[in-house]
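I have a structure here, written as structure tokens, and I will follow up with some questions on it.
Labels run A, B, C and D following the written order; every chain starts at residue 1.
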Amino acid sequence: MPRHRLFAPERLLAFSDGVVAIAITLLVLGLEVPSVHDVPEKELPAFLLDSAHALLSYVVSFVVIGTYWLQHYIIFHYVERVDRWFVLLNGLFLLTISFIPFPTGLQSVYRYDALAVVIYGGANMLCSLSLLAIWNYATKDFRLIAKDTPAQAIFSLKRRIAVTLAICLAAILLSFVNVLLSKLLFLTIPGLFFLHRVEDEKN
Amino acid sequence: MPRHRLFAPERLLAFSDGVVAIAITLLVLGLEVPSVHDVPEKELPAFLLDSAHALLSYVVSFVVIGTYWLQHYIIFHYVERVDRWFVLLNGLFLLTISFIPFPTGLQSVYRYDALAVVIYGGANMLCSLSLLAIWNYATKDFRLIAKDTPAQAIFSLKRRIAVTLAICLAAILLSFVNVLLSKLLFLTIPGLFFLHRVEDEKN
Amino acid sequence: MPRHRLFAPERLLAFSDGVVAIAITLLVLGLEVPSVHDVPEKELPAFLLDSAHALLSYVVSFVVIGTYWLQHYIIFHYVERVDRWFVLLNGLFLLTISFIPFPTGLQSVYRYDALAVVIYGGANMLCSLSLLAIWNYATKDFRLIAKDTPAQAIFSLKRRIAVTLAICLAAILLSFVNVLLSKLLFLTIPGLFFLHRVEDEKN
Amino acid sequence: MPRHRLFAPERLLAFSDGVVAIAITLLVLGLEVPSVHDVPEKELPAFLLDSAHALLSYVVSFVVIGTYWLQHYIIFHYVERVDRWFVLLNGLFLLTISFIPFPTGLQSVYRYDALAVVIYGGANMLCSLSLLAIWNYATKDFRLIAKDTPAQAIFSLKRRIAVTLAICLAAILLSFVNVLLSKLLFLTIPGLFFLHRVEDEKN
């Protein structure tokens, strides 16, 4: 009788969820609380208006990381076993997710700067690329998923990750035209993800 | 035989608990440890007395977030299944909870400022509103809860969330009269929640 | 047939563990990484020697919080059900634990200052007092524990928490004589806890 | 009938995973987001190029901590019961892991400094030494593992932890010759760990 496997999806999932939950919650540290010395009380309203942009960056990163978490969630819904290459790819995903607070901060501070948006978009593309790599690795010849997984479910998630990737690329290109529109474009990532018909949910 | 559902309450709950636990623990970073350069040792007692207000802000936010956690806990006690709109509303709740450290910092620094309390109260109202939206969505026509859930349990939680909302509104209005009293009013949120007869507990 | 209870120890425990894990890991943020501007490379060795005290504060708080976690762990080992007063007392414990990074920072910066040690010791006493309150509440007339819990196990944990409390008090008093010795005294908290005969372990 | 044991591996593991997940995610706070005041927009590209080194430090620490997590994971795969000395050794491991962000910051700021690399390497050696101590303690006379655990699995993990230790030592020595090469050497820790034949996985 074989011993239970070394790598169980459950624990890898719990650890990954922990990292994502921390990364998403650390974003708030990017919202700077001023000191009375730097921003006297009478200048607080102006400071807060000025913070609207940082707040937008915060919300965008929060909902985008939330979408990656959902995509990761769906992957682990289908994955029945993991091996060390899956663990490695999952580690790359966690590396890219926990990095997001840094480019979020950059584009929040350099708000009119296309370069900051390019870096932000690039970091988000790495998140999507690692998710795509995980899903491709897991589903290739039903390597880590059940043999009876509907092809449609496999394709549906691939397409949705690819759409995220395309939005990031479009946002990067748009940043050279209009930085603010480019940032708002990221908000379509959770929007499209939710409006997209969740075929998997029906199985 | 249908495959087990895509969205299970357990994992969503574990992730949500993680985010709330991090947000509540990050609050301590708002308590500034001075440097010897800025605050020489002989001025430490005065600095600490001066920190009493920041400490109050810390305690208030801690117990208020703790109360939201309990309300969220009760919701998941009744919820038997989740769907994607529930996931979306839950994500809004997490967004509002993880945002709290920022307005906490603001009203801690700008301690005599009504605007800071208004923002703090507004952020707390968003927390309560998202909880109310989650509970309304889940209980409408027993959408995500058991058919035999007593109507009294559904109403009891709604009322308690609404009371929290009312306290926040009252605190905002009071802030224009007396800022300190307004802040102390938030302490009634956990107080009322606990003193309120926990009918659900008896089921 | 009664519905399963509203408050289950498992989830409260998971949430508590999350808060303690975050508080203990946030301690490292108290170790300041200097900038090259403030501390040129050639002054790094002197800076690091000077950091030895902050490092000691870090290690002390880490092992002390670790000990509280173990005491909390033991409490939940015996507790079979929780009620809302238990939830409230547990919340107080989490409030005191997540506060520890602040007094740790104070006594790390104001290293020769008795006041900083008094505050640190006081914060630790609050942790122990809340643990004692939890344990007294849970064990009084076997309120939340099994009826066959040996009286010896109940008393053993009470005594150990009381010993922690006594060490904190002694450290506070000693701080007026010798601040460094006073800080080292906190290291006896995990020491005594471990050397103490773990009678419970034998059950 | 004996009561279930005081110390269960599952909860210790969950707590440990929490600490490691937080430590690995806190690393991103070491990537400094500049203010517009310090780094004007036109200097952003130069600043980012200059950040490449800090980014390397971030990635190295992330993958190295990830490797420790995997080694810790494998230990808990075999451990069937824990006692208080195991808990103590595990606590030492968590202490060393949660300390890593500090030396990571040091070697990121003092990038050409051998001393910073020596400290970083030393901190990593403490992580490996504590893992080795845990594994030796657990496997000695099958103290905490199943009697039928293959000797090969025990030895394989020991060897891999020892290899990590040797790499850290080599990196420390190399830092006196070439600091950058020395840092890159740490990247072989996850590399070797993965390329190494995972015999355990076959059981």
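We take it that a residue touches a chain if its C-beta (ideal position, glycine included) is under 8 Å from a C-beta of that chain, and two chains touch if they have at least 3 such contacts.
The shown structure was predicted, so the numbers you read here are calculated from the model rather than taken from an experiment.
Asker: If you check the contacts of chain A and chain D, which chains show up for both?
Answerer: Touching chain A as well as chain D, we find no chain at all.
Asker: Do the two copies chain B and chain C share over half of their interface residue numbers, or under half; same or different?
Answerer: Because under half of the interface numbers appear in both copies, chain C and chain B meet with different residues.
Asker: For chain A and chain B, let me know how many angstrom lie between their CA-based centres, rounded off.
Answerer: 25
Asker: Compute the distance, rounded to whole Å, between the mean C-alpha positions of chain A and chain C.
Answerer: 35
Asker: Hunt down the residues of chain D that sit against at least two other chains at once, touch-wise.
Answerer: Only 14, 18, 22, 26, 29 qualify.
Asker: Answer with line, ring, star, complete or other to describe the graph linking chains that touch.
Answerer: Per interface graph, the chains form a ring.
Asker: State which pairs of chains touch, listing all of them.
Answerer: Once each pair is checked, the touching ones are A-B, A-D, B-C, C-D.
Asker: Write out the stretch or stretches of chain B touching chain C in their complex.
Answerer: 13-14, 17-18, 20-22, 24-29, 31, 33-36, 41, 44-45, 48, 58-59, 62-63, 66, 69-70, 73-74, 77, 194, 198, 200-201, 203
Asker: If you look only at chain C, which of its residues touch chain B in the complex?
Answerer: 2-3, 5-7, 11, 14-15, 18-19, 22-23, 26, 29-30, 83-84, 87-88, 91, 94-95, 98-99, 101-102, 105-106, 108-110, 112-113, 115-116, 119
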